[in-house]
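There are structures below to look over.
Heads up, the next two complexes both have chain A, just with different partners, chain B and then chain C.
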Partner chain A sequence: MGFKNYCFKKSLWVFHFGGASCNNCDIEILDCLTPRHDLERFGILLVGSIRHADVLLVNGSINIRDKERLIEIYNQAPKPIKVVAIGACGCTGGLFTESYTFAGPVDKIIPVDAYVPGCPPKPEAIIAGIVKLVGTL
Partner chain B sequence: MAVNLFYFLIFPGLLFAAVVGAFLSWFDRKITARIQFRKGPPLLQPFYDFFKLLLVKETILPKHGSPLIFLLAPIFAVFGATMSGVFILLPLLNITTGFRGDLLVIFYLLTIPSFSYIIGALASGNPLAAVGGSREMKLILSYELTFLLLIAGVILKCGQQFDLYSIIQTQQTGTPFIGSISGIILFIVGIFCIQAKLALVPFDMPEAEAEITEGIFIEYSGAGYAMIKLTKYIMFFILPAFLIALLMNGFRLDGIHILWAVLKVLAVVLVITLIRNTNPRVKIKQAIKFFVIWMNLLAVIALVLIEFGY
Partner chain C sequence: MSKKTLIPIGPYHPLQEEPELFKLYCDGEIVKDIKWETGYNHRGIEKLSESKTYEQVFFLVERICGICSTSHPFAFANAVEEIADIELTNRAKYIRSIIGELERIHSHLLWVGLAGHFLGYNTVFMWAWKYREPVLDLFEMISGNRNSYAMFKVGGVRRDIENTKIPVIRQVLGDVKKKIDLLAGAVMDDPVIHARTKGVGILTRQDIIDYGAVGPTARASGLAIDVRKDDPYAAYPLVNWKVITAEAGDVFAKAEVRLLEMYESISIIEQCLEGLKKEKEGDIAIKVKEIPEGIGNGRAEAPRGEVFHFVQSDGSNSPARHKIRAPSYVNIATFKKSCIGQTIADATISLAAVDPCYCCTERMAAAYDLNSGDKIMNANELINASVKRTNEIKKTINSQL
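On to the complex of A and B.
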């Protein structure tokens, strides 16, 4: 079990799901992969297909239309999959909590393993969140 | 029999080629990172990726497709890569097989991984995988003739010998083929063929990440994708090794020459990595035009030069 877990920890591939986001969190997530905060040194890669993913990043407020897509994406992912909710909208709903299209924060729809609050969170905060997530594995 | 199994499974077959290929794939990622002023992944990253996919992740089978063929295709790909690896690496390490005409066998075995990818992609029943499969098919059609012309040039250059062992011996007693004008042209052609065979960036339209989200590999997860990664590692070693055997004198395994052998492999991989980092992805139409017109023209020029003794 130790060897398997170690390999899993060392190679987390990330799939990015953007809900009805204002794009600030998207940009901060992309900043993590740029030369300044290079996440590939921890083995973290951004992949294009959910079938290759180990971590599902969700940001933005989830509205009624996003909800079914998010559930479908989650069901298509090979287990074990970790879910990280990024930004105030992903964690709690933030500004959009009272909106009539709002379908609940991410953890009411799928199980969430880590929360990174902030509007938007700095890349350092996202890295700190990922380090804490790796610590729980 | 036991010796053959040893050759196939451990040295220089599956295990050796996979370990060296994994190291080269780390080298490729590290150089890419350094070019972009990043730090890059740790040395054992390819092994972590492989064992994570093989041991930890769940394998999902397609509902609207053929699960059996979908799972068999990566195994065929590993088989093809390993077989061609054995045929390339045995003469390269100065072990004679006594098999005359192995160049043509290598040529056919090297296409098995690409064909397996296509079969697996079409068996997955995903429309994006079908797009990727059709692009891979067109890419094979465009580069295979160029690759054959490259091999024909080398055969012509060493006096109609069809086995890799005597080609390497001819070069080691005389001069390496890359030391002439035709040899340099053939080397350029060979680098672009390798680039297309490995589906690296100017020619990565079968698995375009940003466009059709990994294309032919979109439905693979877990153990199946681990097998594809293994094939990619093996191919990343044996194709540069094949080019070194054809044009750059092969390996000599005594004293200081071991260092030269390592440096030659690293140099060819470095050229491939630099091309992949400084080019955009071309369209499939442009790739076909590039190979069918320009690369074939270069190869034919090289053949004519060889006839005149340059």
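On to the complex of A and C.
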């Protein structure tokens, strides 16, 4: 295990990018941090700037207007960064694939390390996804 | 020359109804102007809807908004049923109302938590979100999913609430009611919260009429508009309930209206459960063979106000035209009235009071524009300004005691 991966084993700081989403995934992500699930006890913290983050959570279908901003945020991120696509829309585009504003699923725009399917995925599923991601390091 | 500060809020927020970019133009502490941009969340739903069958459109409109994910199917169902002139069974009506009111409870609890967070009371945030969980568990028990329930279809509902589940729902509601008592006590009796929210972000009755605001935003200014009373649908005419209003129009009044509405919702659900017992189990939908040509208007009261759906049918199996108007969109315009002239710290809670809330995970970094000297603040600074203000008030109040 390299030094960088060793650092990933502790206190993952998470940055959340909600594309053109319906809010469900956003709320479930926040729900992970509230007392029922309380991810903060593992040192997982939602941060306000991508420059502080180890993991980028992307949810929602990405429309034309979001696409540039997603690329910009990915470029600003300190590397290595792990990208997790959350929800059906994040993984594939879901219901909105046929829409005229759809700009491709997340993995066509930036590299994705983990997928958490579901509409919306339950907080347990999101936690399981992150645990699996840590397990691959 | 005075330096003008630009504070962008958005465009991406985990808790905004529709991702939008608000720009506050400030002179010192005072907000001078506010502008907003939309379109970040444009998914072309109205166009997509025309390519789907009536059955499929329900799943689509449910995904317009995750928090009020029942109000859109509700309004769409009302519109289609107006075209086809369908009368529901009583059991379907009761189930629809139960789902709608449970959603109102979880949405208002979510708002109370966020409002607490903006004021610097993170405990309220954690409490409210914790007490919201049992309601989501109820949804999981009834529909199999915590957020998007897929309960509606033309002519009724997809799933029954069996009579064996009624005691469980009753028990959870009883627990939630106690927690709301606790929250209401903590929020309504706190002198600091009074000082922070009373007289802040006032919208007068005339402002509401001028801007066409709806929902709790309008009701907090003394305007008793509620689609459930004005244009009754589902089981609302069958139960006893009253429209909650407040007169002051400030942030405190909006919080009061939302807290009291939760009690009203619990009472509606309990009466609906009583009604369910009298109806035959499994009698939840009538068979609809075709949707005739025509136009239908569907309205429903979402937790944030009136949702309006217009559907035009050409006799085929998918809508020819589908127009949607969501409540947040009209309520946002009131920011022009409620925020201008206030300090930045108060603008935070005034914006949140309408409930297209924004929260801590702001994407913008602080930066100075070298040419114009404009300073761009990020959301953390904004929330810190609000928290600082609360602490100052706390100190003054404590020193007076």
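The rule is short, and it goes like this: the second predicted complex is superposed on the first by the 131 of 137 C-alpha atoms of A that agree within 3 Å, B and C clash if a C-alpha of one lies under 4 Å from a C-alpha of the other, contacts with A are read in each partner's own complex, and residues count from 1 in each chain.
In the analysis below, a contact is a pair of C-beta atoms (placed from the backbone, for glycine too) under 8 Å apart; a residue touches a chain by one contact, two chains touch by 3 or more.
The shown structure was predicted, so the numbers you read here are calculated from the model rather than taken from an experiment.
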**Asked** More residues of chain A in touch with chain C or with chain B?
**Response** C
**Prompt:** When the two structures are overlaid on chain A, which partner does A:I71 contact: first (chain B), second (chain C), both, or neither?
**Reply:** neither
**Message:** For A:C7 in the superposed arrangement: first (chain B), second (chain C), both or neither?
**Reply:** first
**Request:** Applying the touch criterion given at the start, work out whether A:L137 contacts chain B, chain C, both or neither, answering first, second, both or neither.
**Result:** neither
**Message:** According to the stated criteria, A:E40 is in contact with first (chain B), second (chain C), both, or neither; which is it?
**Reply:** first
**Partner chain in contact with A:P80 - chain B first, chain C second, else both or neither** = first
**Item:** First (chain B), second (chain C), both or neither touched by A:A128
**Value:** neither
**Asked** Of the two partner chains, chain B (first) and chain C (second), which one does A:H52 touch, if any: first, second, both, or neither?
**Response** first
**Prompt:** Which partner does A:I29 contact after superposing on A: first (chain B), second (chain C), both, neither?
**Reply:** second
**Message:** I'd like to check the shared interface: which positions of chain A are touched by both chain B and chain C across the two complexes?
**Reply:** 35, 47-49, 51
**Item:** Touching residues on chain B, where the partner in the complex is chain A
**Value:** 29, 33, 36-42, 44-45, 47-49, 51-52, 55-60, 209-210, 213-214, 217-222, 225
**Request:** Using the touch rule from the top, collect the residues of chain A that touch chain C in their complex.
**Result:** 15-31, 34-36, 46-51, 60-61, 63, 65-66, 69, 73, 95-96, 98-102, 119-120, 122
**Prompt:** Where on chain A does chain B make contact in their complex?
**Reply:** 3-4, 6-8, 10-11, 35, 38, 40-41, 43, 47-49, 51-52, 54, 76, 78-80
**Contacting residues of chain C [partner chain A, same complex]** = 11-17, 19, 39-45, 47-48, 51, 59-60, 63-67, 69, 110, 125-126, 129-130, 133, 145-148, 359-363, 365, 378-380
